[in-house]
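Order of writing sets the chain letters: A, B and C. Residues in each chain are counted from 1.
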Amino acid sequence: MVTMLEMEAKTSAPAGSTPVIELRGLSKVFRGHLGIGSTTGVDGLDLSVYRGEIFGLLGPNGAGKTTTLKLMLGLLRPDRGEVGLLGGTPRDPSARARIGYLPENPYFYDYLTAEEFLDFYGRLHGMPADERRKRVRSTLKRVGLAGREDTPLRKCSKGMTQRVGLAQAIQHDPELVILDEPMSGLDPIGRREIRNIILSLREAGKTVFFSSHILQDVEMICDRVAFLERGRLHSVGQLSKMISETVRWVEVSIRGALPEALMDSCVNQDDDKSLIRVDRMDDLPDVLASLQETGAEILSVWTRRDTLEDLFVREMDRPAGSEEVNR
Amino acid sequence: MGRATFILLTALATLGASMSGARLERLSEERTASEELLYLPNGKHLKLASMGQAPLIADVLYLWAIQYYSNYQRVDRFKYVEHVFGDVIAELDPYAIDTYWLGAMILSVEAKDLEGALRLLEKGFANNPDSWLLPYMAGWECHQYGQYRRATTYFQKAAAVPGAPMTVRRVRAGMTHKTGDLRESLRLWQEVANDPEADDHSIKVARARIRDLKVKADITDLEYEIQRFRDRNGVPPASLEELLRRGYIRGVPLDPDGNEYEYDRETGAVSSGSRLLSES
Amino acid sequence: MTTHAATVVAVPPSRTVIVAIALNTFREAIRDRVLYLLLVFAMLLIGASRMMSMITVGNEEKLVKDMGLAAISVIGVLTAVFVGVSLVFKEIERRTVYTLLANPVRRWQFVVGKFVGLLVVLGMNLLLMSSGLIAIVLFRGESPWMLLPAVLMIFVELSIVTAFALLFSSLTNPMLAAVWTFASYVTGHLSWSLLLLKERMPEGGLGRPLCQFIYWILPNLDRLDIKAEVVNGTALPVDFIPLSVLYGFSYAAVILLLACAVFERKDFN
């Protein structure tokens, strides 16, 4: 079993890349009312995000994902540690000019229309008027809101609001896009569209950093991920390397007579359909052979591999920092 | 904006505010008193607007009025005394005795308006029939202005109030024949102040009267002696001390604040800087 | 994939940012229903001059002007307090301020932008209300133009109150912020009592200089109040208006700078 450390060492930084985001020893503690009690926001975070990758920050609710993002953007001041953003600091407007941000569950100025809203943010980036017009329209089209420019924001559905928010984050063509739970509250179609937009951003050479607790989305698009729990990083690494490729078991679904030898392996029976579980990949050919003998009809063969969910649960069970992998 | 800019701007703004503020301060001292009280609505309506806090508003107005009327620079300030004290403050809080006697004192002593003072005191007495102090004071006001018969009527009223101390009753008795004698008034008010039966509040009022009377008495005495000196020597005395040295007076009196009386050699007048409405 | 000429990496000049935020603030403020409620109330007060004459001692014509100015002043202050406090609160509560500050916007630009936007709203308000008053005074056949300096002074006063509103709403929740802002207004009108207190303090010792110092620090709003002079037609010293404007805006600037400093260090949680 290859340890995390070794995996990370093998993959580490993509050659020649500079970190787009660099967190070093980042800590933030929130003091309770009247100085009584305190909650740890994040504790000793070390994290680097490189150019051109899609990075996912995972963790249960309350893990400190939003806190991390706010520290990255300069909305919070760290108690200890540093934040490097595109070579500068988050307090630097010139650094912030090159990023785009979408907060979690955003409200917007509901008295504006979508177009007016984007126009306002365009102004904040110093875009001249005609440039703004062009970009607003093309970005709206890109997020799938073409023709909806004049809809007042208060009349927008959740999905629309999310898309307008995303439009705001990308319309000025930033190098780095930071999204906090971008898929929350969206239906599957909406989620797919957002995923596609994120992928297209990577294709254009942009870096995307987002936090989520919806694992399927992360699994589908992230290059690297980090696990955060109670303010501490568990592990960071390339997704493909963290999820083992070994097959855990195979499920074979058949219709027809079940061979006697396989009776024990049967996990479910429904009319004439049966579901057989084969624990080892190597046993599969024999199983299939015996099925052929009985003349049963094979409906499907499905390999159950490690999912991100399995990994997540394993990570959360392990105490934080038990392996020094966070470099 | 950088630190330096911030500090610079703050310093500039503070400077601007301070300097213009100082200039404005000087300007405002020159501004004549505006007729602000003109728009004090009738007490009844103010009471309605006070939402149950009438006595509090009465207090605030009372304090303000005191300061207002203590400002000797204000010309023409007695125009609305009766309105302020009688119609507004008294309406808001009819049971505050101070309103009546203080307003009356201002009217009588400073504005020389006896009728106004009496009206105020009578209103107070109408609202507070168990206050012997108000008619007692009214009696003395009349006495000061030489209206002895009226004074007697008021003293009668005062004595008739159950709980009026012995002094009051005695005054009524001895009043009919007396002429306007400051010393006598002073003595009688002092009796009130020293009367063990009198309540603290009445004592406080008595002391205020005593203060005022003492100043008047001292001034009358001094001016009398100054005149005598003049008659005898052809020239007025150089100072009050000279009166003392030459034996015209037994001691140089001080005013109730402990300050010396001011003597103007040319006019022969003696005056006091002591303010009528200062705390005794 | 859309292609644009170049990535926009510009950090816009302060002017642009402040104007954009001010415009946005303005647009938001005029949608606040409280604004219209107060405006209507003011108009009612100004228009009810007939009724008012029953309860006063003194000149009826002067009463209309005086009550009108008083209404404008009070409603103006209420607007400054409530709309001022709620605007910042809404931004923070709805987290629109997060997106805003993630842009190349400096924190002080946000505060100043809001301030400017609010002043524009208040100015518009004052203009409307005073037009109403002027119309009424004209209708009664008198000259209303002397009222304008008083309205200007009310505006100056309001700019100080607004600055306080921004300061306090950066510090605490809207309820407390409104209370504190209102308290600063009341204190501003009672600061003269500190001078009186000073007189009663014994000479020497700390009492007097302390009173003087506190008097200097507090905003003196009462001095800016020329309603009585204006209504009585009393002449004002020539440099009164420019001095007062200088004082008012300088003081407001100090408070605003303070608000910027507070906002700069704020943690958004």
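To be clear about the criterion, contacts are C-beta pairs under 8 Å (C-beta built on N, C-alpha and C of every residue); 3 or more make two chains touch, one makes a residue touch a chain.
Since the model is a prediction, treat every value here as computed from it, not as a measurement.
Visitor: Taking each chain's centre as the mean of its Cα atoms, which chain lies farthest from chain C?
Guide: Here the answer is chain A, farthest from chain C.
Visitor: Measuring from the mean of all protein Cα atoms shown, which chain centre lies nearest?
Guide: C
Visitor: Starting from the mean Cα coordinates of chain B and chain C, work out the distance between those two points in Å.
Guide: 41
Visitor: Please compute the C-alpha centroid of chain A, do the same for chain C, then give the distance between them in whole Å.
Guide: 47
Visitor: If you average the Cα atoms of chain A and of chain B to get two centres, how far apart are those centres in Å?
Guide: Taking the mean C-alpha position of each chain, the two centres sit 83 Å apart.
Visitor: Can you list the residues of chain A that touch 2 or more other chains?
Guide: Within chain A, no residue touches at least two other chains.
Visitor: Which positions in chain B touch two or more other chains at once?
Guide: none
Visitor: Residues of chain C that contact two or more other chains, please.
Guide: Residues 106 of chain C each touch two or more of the other chains.
Visitor: Quick one: which bits of chain B touch chain C in the complex? Just the residue numbers, please.
Guide: Interface residues on chain B, with respect to chain C: 1, 6, 9-10, 13-18, 20-21, 23-25, 27-28, 30-32, 34-36, 38-42, 45, 67, 80, 83.
Visitor: Can you check the complex and tell me which residues of chain A touch chain C?
Guide: So the residues of chain A in touch with chain C come to 30, 70, 73-77, 93-94, 96-103, 106-109, 111-112, 120-121, 123-127, 131, 135, 138-139, 142, 165, 168, 172-175, 178, 200, 203-204.
Visitor: Show which residues of chain C lie in contact with chain B when the two form their complex.
Guide: Touch residues, chain C against chain B: 55-59, 62-63, 66, 106, 108, 196, 216, 220, 223, 228-229, 232, 234, 237, 239-240, 243-244, 246-247, 249-251, 253-254, 257-258, 260-261.
Visitor: Could you list, by residue number, the parts of chain C that touch chain A in their complex?
Guide: Where chain C meets chain A, its residues are 1-2, 4, 7-13, 16-17, 20, 24, 27-28, 31, 94-96, 98-106, 265, 267-269.
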